[in-house]
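Chain IDs A, B, C, D and E follow the sequence of writing; residue 1 opens each chain.
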Amino acid sequence: AGVASNENDKPKKGTNEKTEEVVRIGVLASLTGALEVYGKQTVRGFELGLEYATGGTMEVAGKKIEYIVEDTETQPNVAVQKATRLLEDHQVDFIVGSSSSGDTLAVLPLMEEYKKIMIVEPAVADSITGENWNRYIFRTARNSSQDAIAGATAIAAEGVTIATLAQDSAFGRDGVAAFKKAAEELGAKIVHEEYADPSGVDFSSNIQRIVNAKPEYLFVIWAGANSPWGQLADMKVQERGIKISTGAPDIAALRTMDAVIGMEGFTVYHHSLPNNEINDWLVKKHLEKFGEEPDLFTPGGFAAAMAIVTALEKSGGVTDAETLIETMEGMTFDTPKGPMTFRPEDHQALQTMYAITLKRTNEFDYPVPVLVRELTSEETAPPIKNR
Amino acid sequence: MDLFINITINGLATGMLIFLLAAGLTLIFGLMDVLNFAHGALFLWGAYAGIWAYSATESFFLGIVIALITGMILGYLLERFIVKPVYGNHIQQILITLGVMLVLSEFVKVVWGPNIIQATAPEWLQGSWEVGSILLVKYRLFIIFIGLVVFFALLFLLNKTKLGLVVRAGVINKEMVQVLGINIRKVFLFVFILGAAMASLAGVLFGPYSGVIYAEIGLEYGILAFIVVIIGGMGSVLGSMIAALLVGILGAYTAYFIPDLSLAVNFVLMLTILIFKPTGLIAAKEVGK
Amino acid sequence: MDDIILETNGLTIVFGGHVAVDNVSVKIQRNQLKSIIGPNGAGKTTFFNMLSGQLKPTKGSVFFDGKDITSLSPAERTRLGIGRSFQITNVFPNLTCYENVRLAVQSQKGIRYNMFSHVRKFRDVNERAYQLLDMVFLVNKANEMAVNLTHGEKRKLEIAMLLALETEMLLLDEPTAGMSLEEVPMILDVIRNIRDQRNRTILLIEHKIDMVLDLSDNIMVLFHGQLLADGPPEEIIRNEQVQSAYLGGLYNDAS
Amino acid sequence: MTLLKVEAIQTYIEQYHILQGVSFEVRVGEVTVLLGRNGAGKTTTLRSIMGLTPVREGKIFYKDQEIQTWPTHQISNIGIGYVPEDQGIFGALTVEENMKVAIKNKDERTMERLEWVLDLFPDLKKFWKKQGGNLSGGQKQMLAIARAYINDNNLLLIDEPSKGLAPIVVEKVMDSIQQMKEQTTVVLVEQNFIMASAIGDRFYIIDDGRTVHSGLMKELKEDEQLKKQYLGIA
Amino acid sequence: MNRLKTLSKLKLMLALLTVGLFVFPFISDSRTAFIILTQIFILAIFSMSYDLLLGYTGIVSFGHAMFFGIGAYTVAICLRHFGATISTVLLAALLTVIFTVVVSYLVGMLTLRLKKHFFAMLTLAVASLFLVVAEKWRSLTMGNDGFTFVVPELFRDRVSFYFISLAFLVVMYLFLERFTQSPMGKVLEAIRENEVRVESLGYKVLHYKVIANVIAGMIAGLSGILYAMSLRFVNTTVFSVERTLDALLVTIIGGVGTLFGSVIGAALLEFARHGLMDLAKVHWVFERWVILFGMVFILVVMFFPKGIVGTMKHWWKQRMYKKEQTNQLDERSTNTLKEDFHS
C-alpha cells in the first residue's frame, strides 16, 4: 500500500477513509543538527521495537503497520510542519517523538486538534506531561523529575550534603529543582546550586564555588556536548573529597568521562544493565543490524513501539483515539527496561532506572556504568503536575 | 588572594584560547574585511582533523601540524573558489560563507560521524601543579604560552613587514595597490590561508581544553570570534588580544561573583564597550575618505 | 550697504595640534559673490566645513542672518539656507543622476517625511530635477547610475544638486575641477547668471585664477589657516604675498 | 623611438562599449597629451593601458612587448607609473605608509628621489604622519603624484594632475615633468590647456571613444579652428 | 515606453500570483501545503521588514529577531493569561506595536550612530540580552522549553489562518512597496548610498534611520505574532540569531532592496529545505542533505550575484540595453573607427 496519500480524494479533517487494514505511525525525530544522534537512536529502537512486538510480521490485530520518519531539524516550526504533514497527508494514527522538548511541545496542541495519540520519546521536559499536557499525550520517555529522583535516590541519604552543577537552561534548572526536592525528601541537604553558561568554555569559576561549598557529593545535570568532566578533574575536585555523581549519558559521551571514573550515579539505560529477554533480543538484533550496541535512547524508541502495538492488540486494532486512551491509561507493556506502565493521571510511563557506578572494565573500551541496584518504577515515580 | 590568582589564571587561559580563535578572524575580517561566517568551520575542521591525527598517531605535535595543514588547504580552497569573487561585497560574503559553513559542518559528520569525540591532552600536559592553594593546570599554561607566541608572531608580521600595510591598502583600494606593482591577489591569498590556519590551530587546541569536540562547535564559537574582533577594534591584533582576555577574565569573575549574569556577560561587555568606544578598544583609524 | 548674511567670529579649528583655520573673522555681504583663494592646505575646505556644519569649530562662532548657527547640524543649516558642494565628488553612487538631483529638489520643497505617496505624484519635483540636469548638460545621463559617470560628469551632478537646494547661500568648492575645457565656460555662465540675479550669495573656492577674477565681487585669501587679505579682486591680485606664494609665475601676466 | 604603442583598442565596461578604437604612439622623452571632453574616454584609455579595464580588441605594445593581457601589477613592474584621476589615496594610511606601499626598492636612488619629491611638495613632509584621508584636496593630489614619482619608471600615465592644485604648485608639477623628461616619458590627460600646451610635445584628441585627431602641440596652439572644433575653446 | 510596459507586466504577474494564492485553498485542501505556505508568508513578511533595513537603508542588523520575539512572546503570554479571544489577539497586536516601537526607538537612538559592523554587533548584543531574559524569566516564559497556548478559533483553522497571513503579507507588501517609493523611502536609499551627503541636503539622517528601524521593528513584531499563533507555541528560539539569519538569508537570496525578493527568497528557502530533506528519504546518500542545502547558498551567489529577483532585474535591464544598441547600430557605420588617424 502506498504511503503517500492522493491529493484529490483526501478527506476533510477528522474523518478517516483510508483502508482499514493499515495502521500508520509517524515518527518525529531530529535527524540533523545537534540532536541527530539521539534522534537516530530513537528511530532504530522504534524499528526494532515494531519488529519485536509483531514478531517480524509488521502486523497487529490483522492490520499492517507502516511508519514514516520525519526530521524536525530541532526547530519547532519544522516540527509542526512535519507533524501536520504526517497527520494530514499520511493520515497517521500515532505520532512518536521527538528529540527535543521544544519540538515536542510545539506539536502537542496538534494532537488535540487532530485527536490522535502521541507517544513522547525521548523529550524530557516535565511540562509535556505537566502544564502543557493534553489527554492525547503519552510518554514512554522518563521526564526530568524521574531523572532527578533517580539521581537523588542513588546518592541522597539522611545528612548527606550535596552541591549541584547544571547548565543555566530550562533543562538544568528544572532538573535541579526536581533533584533538590527529591534529595531533601530523602534527608539530604543541598548546600550549593551552581549554574553554568551552557555554551561556555571555562567552568573553573563554577567549580571553584562548588569546591568552596565543600559538599560530600557534587551532582551534575548536563546535556549536550561540551562537558565539565575534564575541568572537574583538572581542578582536582575528587581529590578534595567531593564525590561526583551524574546521569550516565550515551556511549559517545561516556567515552569522555574517564576523568570521573568511580562516580556514583544513575542511568536511564545502558545495554549491559537490564536483565531480561527483550533487552537480550534488542542487543543481539541491534548488533546484527547496525554493527553496534543499542545506546541510551534506543530502548525508548523500542518502548514506544511496544506501547503502540500492545495498545492495538488490546483494542483489537481500533485506532480511535478515545478507545485508545481508555486502553492505554494504566496499561502495562514490556520494554527492554522491563515493564512500563502509563500512569492514568498524566500518561507518564513509570519505569525502572538504574543506580550505577562508573567503572572501567575489560569488556568495554570506555567507562561503563555498572549496576548498583535497580530503581523501581515506584521509587522514581515523579510528582503529577498536569493539574 | 589565591582565589583571585586562580580565577585570573583560568580566565587568562580561556582568554588566550579565545584569542587564538579570534586571531585568524582578525586577519580575515578585521584586516581583509571579509565577513567570513565560515570561520567557525575552519576552527571545527582544525579540531577534528587535528584530534583525529593526534589519536591516530598519539603525537599531539603531529595533530597540531595536521590541523595547520588542514586549515591551510581549506583556506586556500575557500579563498580561491569562494571568497575571491566576492571581495568587497559583504552581502554576498554573508550568504556564500554561511553556505560553506553549513557544508563544512555537515561534512564533518560524513567523515567522522555525528557522535561527540573525546579529546584529551597528551600525557605531559595533563594534570596540574599545586603551588600553595594556587592551581596551575598544565594545559592551560600551555595555551597561554601558545597564545603569546602567536600574538607576537602576528605583531611582528603586521608591524615589521610591509604585509600589514599592503593588506590594509588593498582593502581600501585594490586597484591602486596593483597599480603600485603589488600582486594583491597573492597577498590576500596568503593572509587568508594564514588566518585559516590559525583558526584550525585554535580548533585543535580547543579539543583537550574542553575534553570533547562535536560538529556544532563551529557554529557555537564562531560568533564569539566576531565579538572579540569587533570589541577589540577591526584589524588590531593587540585589540583582539585585549578583548579576548577581557572576555576570558571577565567571564571567569562573573561566573564566580555574579553567576546569574554569566549568560549575558559577553553581550553586556560588548554593549558597554561599543557605546563608550564606538569603534572598539583599539580604534581602527576612521577617516572621511 | 552693510547687509551681512554670514559672519564668522574668530573661527578656529585645530586637528591634533595643527591649526587648520586660525582665528578667521569675516563678513560676507548678501547677494555677492566672494571667492576664497589660498595655497593647498590653507584651510579653505575646512573653513567651508565649519560654515556648513560638517565640522565643529574648536573656537569661534558662525552667524547666519544674525543668528548664531555654530551648534547646528549640517541638515539644519541647509534648511536655514546654506547649501554646499564638495571638493571630492560626493554623490549617491548607486542612484541614477535623476534620483540624485530629485532628492535635493525634494528637500528644497520640504517633502521630507512623507511615506505614503508615490514619488511620481510630485510632478513639480520631478520636472525641476530634469530642468537642473539640463542646465548642467546631464539630461542624456539622467537614468545612468552616478557611479558610472566620469569624473567631470560627477562634478556637474554635484552642481545640479547644489542648485536644486535653492539655498540663499551657495558654497562652491572647486566646482569646475576636472571639468572639460569646453564645459567650464558653460558652468561659469550658470554661476554668473545666479550672481547676476543678485538674490543669492555665493562663496566660491577656486584655483583657476582667471575665473576667480572674472566672477568675484570680492576675494578673501587664506594662508596657513589665517585670513591674509580680504578685498576686491584688483587689490588682491596685486598683493605681493599672493603673487609669490600662491600664483607663482604662471599667472604673472594674467592681470 | 616609440615607447608605447596603442593600436585600435576596444574596451567594454560591463555591456557598455566605451573605447571603440583608440590608437596612439608615445615617443621616448616626449610628453604626449590626451585631450577631449568629459566622457570622451581619456581615463578609460589610461586604465586600459594599466590593465585595469580589460581590452577586448586591439593591442598595446610597450617596448615591443604586447602587454594588453598582462595583470596590472606586472604592467606596473615593467616601469609604468600611474596617477589616477581620483588620486587613489589610501585614506586610513598615513602619508608615510602611502609612500611605503608605493616604494618598490629601497635603494639609494629611491631615497634620493624621495628627498626630491618631498622638496617638490613640502606639504607632504610636513604631514608625513597624517592620515591620507585627512589631507586637503590638493595635498592628496600631491601625494598621488609623489607615489608615482618615487619609483624608477620609464613611463608615467598622469590623469589630470593640475586638478585641485594651487597655480604655483601646478607650475612645480610642470617643471618636474620637464625635469624628468630625460629618463621618464609621460602620457598626460589634462584639461588645463595652459599647462597642457606648455609642456606637451604631441597631442591626441579622443572623442566618443575614438582618437579623432593628433599632431604636434605647437601646431594646436596656433590652430584656433582645431581648438574650437575639438576643445570648444578659442 | 518600454519600461512602463515591463512594469505593468510585472505588476500583472504579481496580481495573478496573489489571486492564485487566494484561490488555492478552494482547489486544494492539503493542510500541509497551507502550513508550509503560511510559514513562507510569515517568513516573507519578517524578511521584508528586514529588507527595509538592509536593502533600502543599508543597515546590517544581527538582532532583528528581537522584534520578532517580542511579538511572539507578547501574543503567547496574552493568550495564555487572558484567554483565547480575538480581542486578546488585538490587544497583543497593540502591545506588540507599542513594545516594538519603544524598543526599536530606544535601540535605534542608542545604536544607529555607530558604523556598520559595530551597529550589527550591538544589535546582536541587545537581541541576545532579550534571549537571556526570555531564558531567565522562567515564571513568564518557561525558559527555552517554552510553552503552548490556545488560539482563538478563527486563527486555529488552518485555512482561515492561511488567508489571514496571506492578506497580511499582501497588505504589508503594498505598504512597504509604497513606502519605499515614497519621498521618505527615497531618502532611505540615499542614506544607504552616502550618509554625509544626505545630511548636507538637509535631511536629518538619524531621524530617518530610527524611523526605518521602528517601522521594520514593528512589522517584524507583527510577523512574530503570526509565527507564534501558527505554532501555538513559543520558546526562546524566536530570539535566536538563527531567526535573524533566516531573514538575512532570505533577503539576500531574493535580492536586497527588492521587496518581492523576500517573498521569492522565503519560498525558495523553505522549498529547498523541504525538498532536500525529503531527498533523505529517497536514498541514504542524501542523509546529509544539509550539505546540498549549503550548496544552494553558494550556487545562488555564483549564479545570482544580486539575489534572484535582483539578478533578474539586472538581466532584464541588460536585455533592454542590447535591444537599444542593436537599434542604434544600424545608424552608426563601423568604418568610422580609424578615420583620419594621424600617422
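What we mean here is this: a residue touches a chain if its C-beta (ideal position, glycine included) is under 8 Å from a C-beta of that chain, and two chains touch if they have at least 3 such contacts.
What you are looking at is a predicted structure, and each value in this text was computed from that prediction instead of being measured.
For the pair chain A and chain D, chains touching both partners: B, E. Between D-E and B-E, more C-beta contact pairs are found at B-E.
Per-chain Cα centroids separate chain C from chain E by 41 Å.
One simple way to say how far apart two chains are is to compare their mean CA positions; for chain C and chain D this gives 28 Å.
Rounded to whole angstrom, the centroid-to-centroid distance between chain A and chain B, based on C-alpha atoms, equals 37 Å.
Each chain gets one centre point, the mean of its Cα atoms, and the points for chain B and chain C are 48 Å apart.
In chain D, the residues that reach two or more other chains under the touch definition are 134.
Among the residues of chain E, those touching two or more other chains are numbered 135-136, 196, 288, 290. Taken residue by residue, chain B touches two or more other chains at 106, 109, 260, 263, 286, 288-289, whereas all remaining positions touch fewer. Going by the touch rule set out above, the chain pairs that meet are A-B, A-E, B-D, B-E, C-D, C-E, D-E.
Those residues of chain A whose C-beta lies close enough to touch chain E in the complex are 7, 10, 12-13, 31-32, 69, 71, 73, 75-78, 80-81, 84-85, 88-89, 101-102, 105-106, 108-109, 113, 125, 127, 131-132, 168-171, 173-174. Across the complex, chain B meets chain D through its residues 162, 165-166, 168-169, 172-173, 175-184, 284-289. Residue ranges on chain D touching chain E, taken from their complex, read 8, 15, 17, 20-21, 23, 210-215.
Remark: chain E residues 28-32, 35-36, 39, 135-136, 138, 142-148, 150, 156, 158, 227, 230-233, 235, 237, 273-274, 277, 280-281, 287-290 touch chain A in the complex. Of all residues in chain E, only 178-179, 181-187, 189-190, 192-194, 196-205, 211 touch chain C in the complex they form.
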